[in-house]
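The structure under discussion is supplied below as C-alpha cells; questions concerning it will follow.
As written, the chain order gives the labels A, B, C, D and E, with residue 1 at the start of each chain.
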C-alpha cells in the first residue's frame, strides 16, 4: 500500500528528495500530490483519498480540523520559513528591515512583487510585515500581486519588478536574486507548515509523518532554507 | 528519452491517455450538440448553448471546483456514478472528464460552424433519394463537415493537452493517476530551480501537439480536397 | 395512376393557388420563369410544406394538410432531378449514382445501371467527383441518380435544359419508356415545346402561381391563346401506327388509313405512336399540289379559322388522318378564301416530322 | 475588334488544343456537353491558367504564356455570365447588379440600369436576395450583373438556357445591340441553333477539346456534316432590307430585289438585316406552285445536292435572293429529279421566318 | 450592484475593458492570419499555424511566463516598445495582450473554418467584375464569413473574460490596473470561506458572457439568414 500525501507545492523540492530516502529506508511507497494548499484542503473535505496533508499555512489546516477531516492528535508544525525582501542579483547585501527603510525610494517607481496579499500565505505574511514596519501605506499602490510566491520570485528574477517579498527558502534557490532585507520575526505571524493525518489515513501514513520529523528529512528541509519550528 | 525521468514519462503517458479519451469520448456528443445547435430550434436551445460555453467563460479553477462539488463521492451524482462502478474523483478518468469539459466549447464551435456551412439543399437531395434524417446525416452531412470535425477534435486535443487549472482542482495532482504534463509543469514551477525541468516538459507538449496539428492539417486538407474535386 | 395536386401557399414573391388532376403518364408544368413550377415540384417532393393542400398519387396520399397527414420526403420514394443538380460533392459520380439504391425496398423495380450510364454518356466520369464536371455532365449525373433510385414518382425540373440536342435526343426516349412501360408518374418541368409534345400526357400551363389551363397535351398545345412558350408550340397530335420501313430510310405510318412518311424511327411495324405536327410546319393549298418535295399531302376540309394577335391565324383542317392545325398568315386566309367547310390540302414536309416530335408507344389509359 | 484565342491545356478529363481567330462581333462556341466550352471561356476570363496559350482582343493581350504575360481577371474588364449563376448570396439583387459598376473606369460606356432591369423583367426582385429566386430569375440577374459592369469583353456561357422562349425573345435583341452598336466582343456558348443563327458572327464548333470547324455562321450552319446540334440547325442566311410594313401585320423584305414576307418585325424601313431560313422549312417544287398558303416562293436553280446519312439530302438552290438550302428526302430528290442545273422553285412558309431567326442590323465589318 | 464592493466593480470594469480590447485589436490580425492559413500556400505556413495554436497547448502559466520574459522592460522587445511609449508590463494593456494571445487560436480557427467554407467561385465572380483581391475580400468573402467572425470574436471574448493564468503570471494582479474578475475569483478561492464571494463574481462573469453569447447568436443568425435569403 502506498501513502498518498497532499502537500503544498512549495515543498516539492524537499519532498521529492525525502520520499525516495523513505522508500529506501522502509520499503514503503509514497506518492505526493503537489498543489495549492487551498485546492488540496477542499479536495480532502470532499473525500480525496489522501493520508497526509501538509499545508503552507495554518488557516486551511484549521478549517479541516474544525470539520473533522483530519486527526487533530497527529497535527504538528513540520517546518517554518522566514520572509525576506529580494532584489535582482548584485545588490548591496542583506540588512534587517526597520521602519526607516526607504522601500518606495528603492523601488524607483517600479513594482514590488508579492503573492496575493489577501489570499496567498506569503502575500498575507508580507502585507502584515510591511504594515508592522509602517511601510505598507507607502508602497501599497506599487505592489504587483502574483498568484503564488514563486511567480512573485519570477517577476524579480526576470527583471520585471525591481524588488519582491518572498520566503527565504525561495530566495536561496534562485541565483538571479539577492536578499536585500530580512523581515524581523515579530512583524508577521509565525510562518509554519502544519502537517496532519487525514481522518481516513491508513496506518502506514503515520510512519511517514514521523519520518518527516526525523533526521535525514529535517536535514533536507534545512538545506532547502526551511527552519525547523521550536528548535 | 534518457533525459526524462520515469515520473515524467508517466506524466506524458497519462496526458496522452487523458487527452485522447477526452477527445474521443466527447466527439460524438460534440457532433450531436453542434448539430442540434446548428439545425434544430427547440426550447432551451440558448440554455444549452450557454452551458456548452460555460467552461470557456469560467476560470478553470472554478470549473474544477464545480466538478469537484458535483462528482465527489459524497455528492449525489458522484454516488450514483460510483454505484454504477464509475469513479472519476481522483482518477485519470476524472482528469479526462475535466479536460473534455474544458475542451468541449472549442470542439462544438468548430463543428457547428462547419454544419452551418453545409447547404441544406444537399441534405434535402439525400432525403428525396430515400435517406432518413440520420442516414442523411451520416452519408451527406458528416463527410462534408469532416474538416470541421477534425479541426474541432484537434483543438480539443490540444486544449486537453494544455489543460491544467480545472484538472488539478478537480482531481488533484497525483503522480500516475492524475498528474498530467501540465500539472507536472505547474509543480515544477512552484519550486525554485524547477524552470528547466518545466521547460523540458513544455517542449514535449509542444512537439506532441504540433504533431497532432500537422496530422490534422493533412487529413483535413485531404478531406476538403475530396469535396473540391479530383 | 393519377396524380392529384392541390396547393395553396403564400410566399413574398408569389401567391400559389394550384389545383390539377393529372392522368397517368407525364404531366408537364409549363410556364414562364417565376411562375411557380419549382415551388410546386418542391411541395410534391415534401421539401416545401405548403400552408394548405393535398397531393396524392391515386389513393397514396403524400400529404393532406386538412388531415394533418405529412409523409416526409424520404418516405415518398422520389426521383427528383433538381433544376440545379445538387450532386453530393464528396462522393464520386458512381457513388452519387448509387446513393438512392441503398434505400430502395428489396422488391422495387431496378433500372439497369449500365444501361442508364450508357444512355447518359457518363461512363468515363464514374470515378470523378462532381466539382470539375461540366454543366451538362453534372446534369446528366443528376438524372442518373434520380432514375437509379427506383422511384415511384419522378420529378424532373428542366432536366434537359443544359444539354445539347443530340444528347437530349438520346435521353428523351428513356423518359418515354418510363412513362409507357413502367408507368411511373412523372412531373416534368420544361420550356421546350418539343419535349412537351413528345412526353406530355397532360399539360398544366401556369401563370403567376395559378393554373392557366390544364388538359391533354394535344388540346393545350392546339390552343394558341395559352401556349405558354409562344405560337411555335401550337400543333396537332395524331395517333398513328407504323406501317413499314422503306429502304430509302423512310418510315411509313398510317393514320386512319392515310399514309404519312417520316425519317426512319426505331419503332417496330405495328406499333402505335403519337406524332406531333407543329402548326407552322403545315402549308395549305386550295388545289392538289404537284411536283412538290413534300411527301405528305392530306386532303381535308377547313373546320375553323382562328385569327390570333398579329398577322397569323390558326386553321384547323379535318382530314381522314385526324384534325391538323396550320398556322398561316391572314393574307393567305384571304387569298385562299379559307373558311369553315372549304376543302383544302394540307402539305406537311416529311422531314418536319423529326424524331423529336414522335412520341413513344401510346399508353393504354 | 477581333478576338484571337490559342489555348493548350491538359486536364484529367480532356486535352484542350484550341486555336481560333474570331472577327468582331459574336463568336459562338458550339459543341456537345463536355467538349470544353466552359474551360475555354474560363481561360479567356483568367479563371483558369492554361499551360500554354495566348488570348488577345486586337492588340490588347490578355495573356501570353510565352511572354509570361498574365492579366489578372479583375483587370480584364469582363462581363462573364456564368453557366451556374454565381450570384452573391449576401447581396440583394440590386447590389448584385451594381457590383461591377464600382470598378468600371469613369470614362466607360454605361448601360442604362433601368433599361436592363426592365428588359430582364427583374424590377420586382431588386430588394430580394438570390437564395429564393427561381432558376430563371437567378440567371436573369446574372445576365444583368455582367452587362452592367461596363465590360470590354462579354463571356456568356449558355446565358438563356434556363429561360422560356418569350423571355429569350426579349433578351436576344439586347445581345444583338451589344454586338452591333457597342461592338463589344462577345464569346457566347449555346446549344440553340436559333441563338447561333441570330447572334453569331463566327461559329467555332468544338469536339473533345479540339476545334472541329470554324467560320462565319452562314457557312458553318450550312454544312450538315458539322452542325453540332443536329440537322435541324442547317440553314441559309440571307441579307435583306426592310421594304415596307403592311397593314395586315406582315413586313415586306427585299433580298436583291426579291420580295419576302414575314410577320411584322420591329425594324425600320430601310434597315439591313440578316435572316435565317432553316433548311427544313424550305419545300422545293419543280413547277411554280399555285394556291398555296405559303407567301414566299423563290425561283432558282439547283446548285448542288448533298446526301447526308439517313433519308435526307441538303439541296442548295441559287435564287436571285441568295443561295437557299432545302432539306428534302432522297425520295423527293429522285421524284423531282433534282440535280445541279435543274430549275426549281423554293417555297418558304411565311411564318417559318419567325422573329427568332431574324438577325439585327448587320455589322459593318 | 449594492452587493458588489468598489474593488469588485473595478475588477469587473477592467475585465470588460481588457476583454473588449483584446478581442477588437486581435480581430483584424485574426482575420488576416485565418485568411492566410486558409487560402495561401507559403513557406512557413505550418510554422505560423503552430505558433497560433501554441497558447492553446501551453499551460497558461507558461504562456504568461514567456510573455513576461519577452515584454518586461528589461527585455529587448519590452525596451523597444517602452521607447515607443508602449508599456504593457503591469498595465491593463498587458492583461489585454495576454488575454488576446490566449484567445487568438480560438478566434483564428473559427474564422478559418468559415473562410474555407466560402466557395472560391464566388470570389472569382467578383474578380471578373473588376474587383481586385482585397476588394473581393471586403465585398464578398468578409460578409459571407461574418457568422464565423462573430463566432470567433465571441469565443475570444469569452476566453478573455475567463483568462487568468497567463494574465496574472505576466502582469500580476494590481487592483485597478490588472486585477481582472478571474484574478479576483482566484484570490477569493485561496482563503477559507471565500467561496461565496468568488461565486458572486463568477455569476457576474457568466451573466456578461451569456449576454455576449446571446447577442452574437442573434447577430450571427441574422448574418446567416441574409445569406440564406430573407
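Here is the rule we use: a residue touches a chain if its C-beta (ideal position, glycine included) is under 8 Å from a C-beta of that chain, and two chains touch if they have at least 3 such contacts.
Everything numeric here is computed off the predicted structure, so don't read it as measured data.
Path length between subunit C and subunit E in the chain contact graph, taken as the least number of steps between touching chains: 2. Taking the definition of touch as given, a chain qualifies here only if it contacts subunit A and subunit B alike; those chains are E.
Seen from the C-alpha centroid of subunit B, the farthest chain centroid is that of D.
Using the average of C-alpha coordinates as each chain's centre, A ends up farthest from subunit C.
Inter-chain centre distance (subunit B to subunit C, centres taken as mean C-alpha positions): 57 Å.
Inter-chain spacing, taken between the CA centroids of subunit A and subunit D, is 90 Å. If each chain is reduced to the centroid of its CA atoms, subunit C and subunit D end up 26 Å from each other.
Shared interface positions of subunit C, defined as residues touching 2 or more other chains, are 12, 84, 128, 132. Annotation for subunit A: no residues touch 2 or more other chains.
Among the residues of subunit B, those touching two or more other chains are numbered 61, 65, 186, 189, 230.
Arrangement of the chains shown, judged by which pairs touch: an irregular graph that fits none of the line, ring, star or complete shapes. Contact between chains, using the touch rule, shows up for A-B, A-E, B-C, B-E, C-D, D-E.
Looking at the complex, you find that subunit E touches subunit B at residues 46, 49-50, 53-54, 56-62, 65, 105-106, 109-110, 112-114, 116-117, 147-148, 151, 155, 158-159, 161-162, 164-165, 182, 185-186, 189, 195, 198, 202, 205-206, 209-210, 213-214, 217, 224.
Here subunit D touches subunit E in the complex through residues 45-47, 72-74, 76-80, 82, 84, 86, 88-91, 99-100, 102-104, 128-132, 145-146, 149, 155, going by the rule given at the top.
The residues of subunit E lying in touch with subunit A in their complex are 61, 65, 68-69, 72-75, 89-90, 164-165, 168-169, 171-174, 178-179, 183, 186-192, 194. Against subunit D, the residues of subunit E that register as touching in their complex are 121-122, 124-133, 135-136, 139-140, 143-144, 226-230.
The part of subunit A that touches subunit B in the complex is made up of residues 4, 6, 9-10, 12-13, 31-35, 39-40, 42-43, 46-49, 148, 150, 153, 169-170, 172-174.
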